[in-house]
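Down below are the structures I want you to see.
One chain, chain A, appears in both complexes that follow, with chain B as partner in the first and chain C in the second.
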Partner chain A sequence: MDSGNGSEDGTPWGRGDGQGDDDDINRDWGHKDIPNDVEVLKRVWRNEKSAPEILAYESLLVERVQEQIANMEENILAAAESLDDMMLSIFEMDVNRLMFLLRAYLRVRLSKIDKFALHIMRTADLWDRLSPQEQEYASKFVDVLSKHMHDSVLGKLEKAYESMMKQAASSEENDMIVEPNLDTYVFCRSKTALGTFQLDDKGDETVDMMPNDLYILRYRPVRNLIETDRIELV
Partner chain B sequence: MFGRTAAQLVREVNNDDQHIRRFNYDLFDKVIAEIQEHFQQVTTIMEKGQEENEDGQITSVDENYNGAVIHHQSILRNKRCLLAYMYHRANRLQRLRWQLGAVLPEDVKGLLHPSEKEFVKSYSEALSSYMTKLDIDLTVDITPPKDPYIQVRVLDNIGEVLLGDQSTSLVRNSIHFVKRSEAETLISQGLLEEFTG
Partner chain C sequence: MAGQGASEPALFTELEGDYGPFRPQIPVTVPLWLGIAMKKRSKCRIQPPDWMSVERLSEVLEMEREAPREFQPLPFHYVEIAKLLLDNAREDFENNYMVQSLLEDIKDVRWDKVEKGLKNLSGRTHAVKLKNISAMEVNRMRTFTVRALQSFFKHDNDDMMKQTPTDSDSQSTPSSSDRLPRRTLRPR
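Showing the complex of A and B:
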């Protein structure tokens, strides 16, 4: 992900104008790139939180943020003598907030994996969105869950009914797997004017996406826009 | 009526929100028995159908066929109810793992089916191994941090605990000013409470 975007608003993290003070601090602390990554992580986390399905894992971003956290902690330790308590506590809060974002991001992904593990494992496209560690976790989780279900319920049923994926052996499809509802509604915002956007196949329903306006739309038609980073979920 | 016992079982997990109730062996076994009964019926009907149609053809207008379908559907319904019951309980156990850490309190353990105990253990292992690989504890910091420090009151005599880089003696009812991230585990275990006086 390009870390050069995502700081256009005037949040305390933004690298906008009139923040000379911030720049000074950043220079002193040697983490000039943080505001951008933090901003990106925040958006990635919000997208993940609002999207019904699991999104692609941001491995580079997570690595960068982890590095930043380590750096910041080191800097705090190194400067603990020279700074007064007030400043120290502000810097610590900085680290804690970043830690929170990172944890929240990983957590919301885990909760989706817990919920849709079977579905994710059986869909190559979704499976590729997980990090290697998440893949390992997901397969373990599926093993654990199916063992539990077989030991408690399924093992007591007749052969024709013992599957966890199908209601009965005669079912043609796997009709017991929970899938996310992609037709749920999401709040989203576009960063740029996207022009007229088609919401269904027939073209009966369209919407004019204006920059920074909020829209409530069905997730399915806009999922590509999230993948390509043209809109964000809120 | 078919499927009523199973519905009762499901209602049990729906009723109260957070608590884990004692595993209901009574209803659970009844539903399993019902399923076996239905299966017997299906088999008998099918066999009878075979006998009556000597030429081996079962027509869909056969009255016996409808009976078999009802029994088959009842099995499916009961199966889904049983799985829903287990799944809901499993979800609640997962939540407990996040709140209380890897070891479940004894009183909760007493409420569980043996397979559920096994499930919590393996789930916890999978989660721990994930967190170890990433070298990050995800079970702290559940709420966004407002202040890195909070005041806590000690609810029990805990003794010497290493908080930050110094060891602190946590005596019952004493109040401490500690890092939130360090206190959170102890708070969720019910050893400390946030002091907002």
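Showing the complex of A and C:
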């Protein structure tokens, strides 16, 4: 009995062409050398989990993954009668795994938005890292939060203390806003040797990154390396 | 991880890759979750990975004991993989009690090294290098290490900062004589 139903996906990465019944019957390896979307999503999720601030939203990746999930689910429904239970459940497991990854990624981002909503809203750089849905979520969250704060506590205090963002009217800046701690330490690893780079302005702290070794460093100096994808967080 | 199919050939085309066809008695390499799923339905037999043989593990244990400052190369997720395989595919290992006890010993020796290394953290540390460490060990020490390093950074820099205003009048570099030479990296 042959399953013979591949999932059509128009992704640029592709997973090889072996989707048909008679194609490449002798091949019994998965395509592991092309970075497929699942691996990319895993890495992106891991980075997001370990980073103290919110990272850029991978909108293309998320779209592709959603497409793949939808296709796969269609295929499963279409082939439900002709497959035996085990294979059906294995296909379902695969889809579930991918959905879990996607949800976990989105949830990590949402929890960071919850924590730092006010800070994200006032920093254009961070605001741009949100997807349109996340931006909507953030604004609504701030609205609801301020209304709640006002109704329960702040509205009942004196004028000088009623702002959610300042400790008192006499504070010069918005010092009640929570900011992510960029000086926290993260575990990271690079695939290639990055050579020495300095961690500090004064130039007396340097690190020599060798491939595939784990390092614990401060987050702030390595921010750009994460964005350009030369380091991954663990 | 390799498994051997015991029933009809089947070709899996999945989101993560293509696997199959599965033919009886022919080993196929599949991801761990797929192999465990098939094993649970008694459709296959699992071939233990090379590094999980008694000989290899005994070698690793000996080398761990001999080199007190280094970790031996092991798969990053060796603890998790070993637990899954031993729980679900016990009978496929020829000597599973030995394998299990060797793994426990290796875990203990390595964790001991981690703890010793943690004692060396100080205000001077600005980066820590961990070669060949595994995921389980990273997560066991993650909160402690991160908090400790954060505190060191915060308090150490405060001390440095406090010294600069008083010395700003003089031309000499502030407090460089007070500081011991910084060691750049602590190899583990």
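Side notes on the structure shown:
One rule holds for everything that comes next: the second predicted complex is superposed on the first by the 199 of 234 C-alpha atoms of A that agree within 3 Å, B and C clash if a C-alpha of one lies under 4 Å from a C-alpha of the other, contacts with A are read in each partner's own complex, and residues count from 1 in each chain.
The rule is short, and it goes like this: a residue touches a chain if its C-beta (ideal position, glycine included) is under 8 Å from a C-beta of that chain, and two chains touch if they have at least 3 such contacts.
Because the structure is predicted, anything quoted here is derived from the model rather than measured.
Once chain A of one complex is fitted onto chain A of the other, the partner contacts of A:194 are absent, as it touches neither chain B nor chain C.
Within the superposed three-chain model, A:168 lies in touch with chain B and out of touch with chain C [touch as defined at top]. In the superposition on chain A, contact is made by A:185 with chain C only, not with chain B. Residue contacts after overlaying the shared chain place A:89 against chain B and chain C alike.
Touch criterion met: A:217 reaches chain C, while chain B stays clear of it.
Applying the stated contact rule after C-alpha superposition, one finds that A:144 touches chain B and leaves chain C untouched. Of the two partner chains, neither chain B nor chain C is touched by A:61.
Using the contact criterion defined above for the overlaid structures, shared-chain residue A:97 touches chain B and also reaches chain C.
Judged by the touch definition given at the top, the superposed model places A:79 against neither chain B nor chain C.
Here chain B and chain C are compared by how many residues of chain A each touches, and C touches more. Shared contact residues of chain A with chain B and chain C: 89, 93, 97. Across the interface of their complex, chain A is touched by residues 32, 35-36, 39, 72, 75-76, 79-80, 82-83, 86-87, 90, 94, 113-116, 118-119, 122-123, 125-127, 129-130, 133-134, 136-138, 140-141, 144-145, 147-149, 180-181 of chain B. Interface of chain A with chain B (complex): residues 66, 89, 92-93, 96-97, 99-100, 102-104, 106-107, 110, 114, 133-134, 136-137, 140-141, 143-145, 147-149, 151-154, 156-158, 161, 164, 167-168, 176. Those residues of chain A whose C-beta lies close enough to touch chain C in the complex are 1-7, 15-16, 18-19, 21, 25, 27-32, 36-38, 68-69, 72, 86-87, 89-91, 93-95, 97-98, 181, 183-187, 199-200, 204-208, 213-218, 234. On the side of chain C, the complex with chain A involves touching residues 8-21, 26, 28-31, 33-34, 37-38, 41, 43, 126-133, 135, 138, 142, 145-146, 149-150, 153-154, 182, 184-185.
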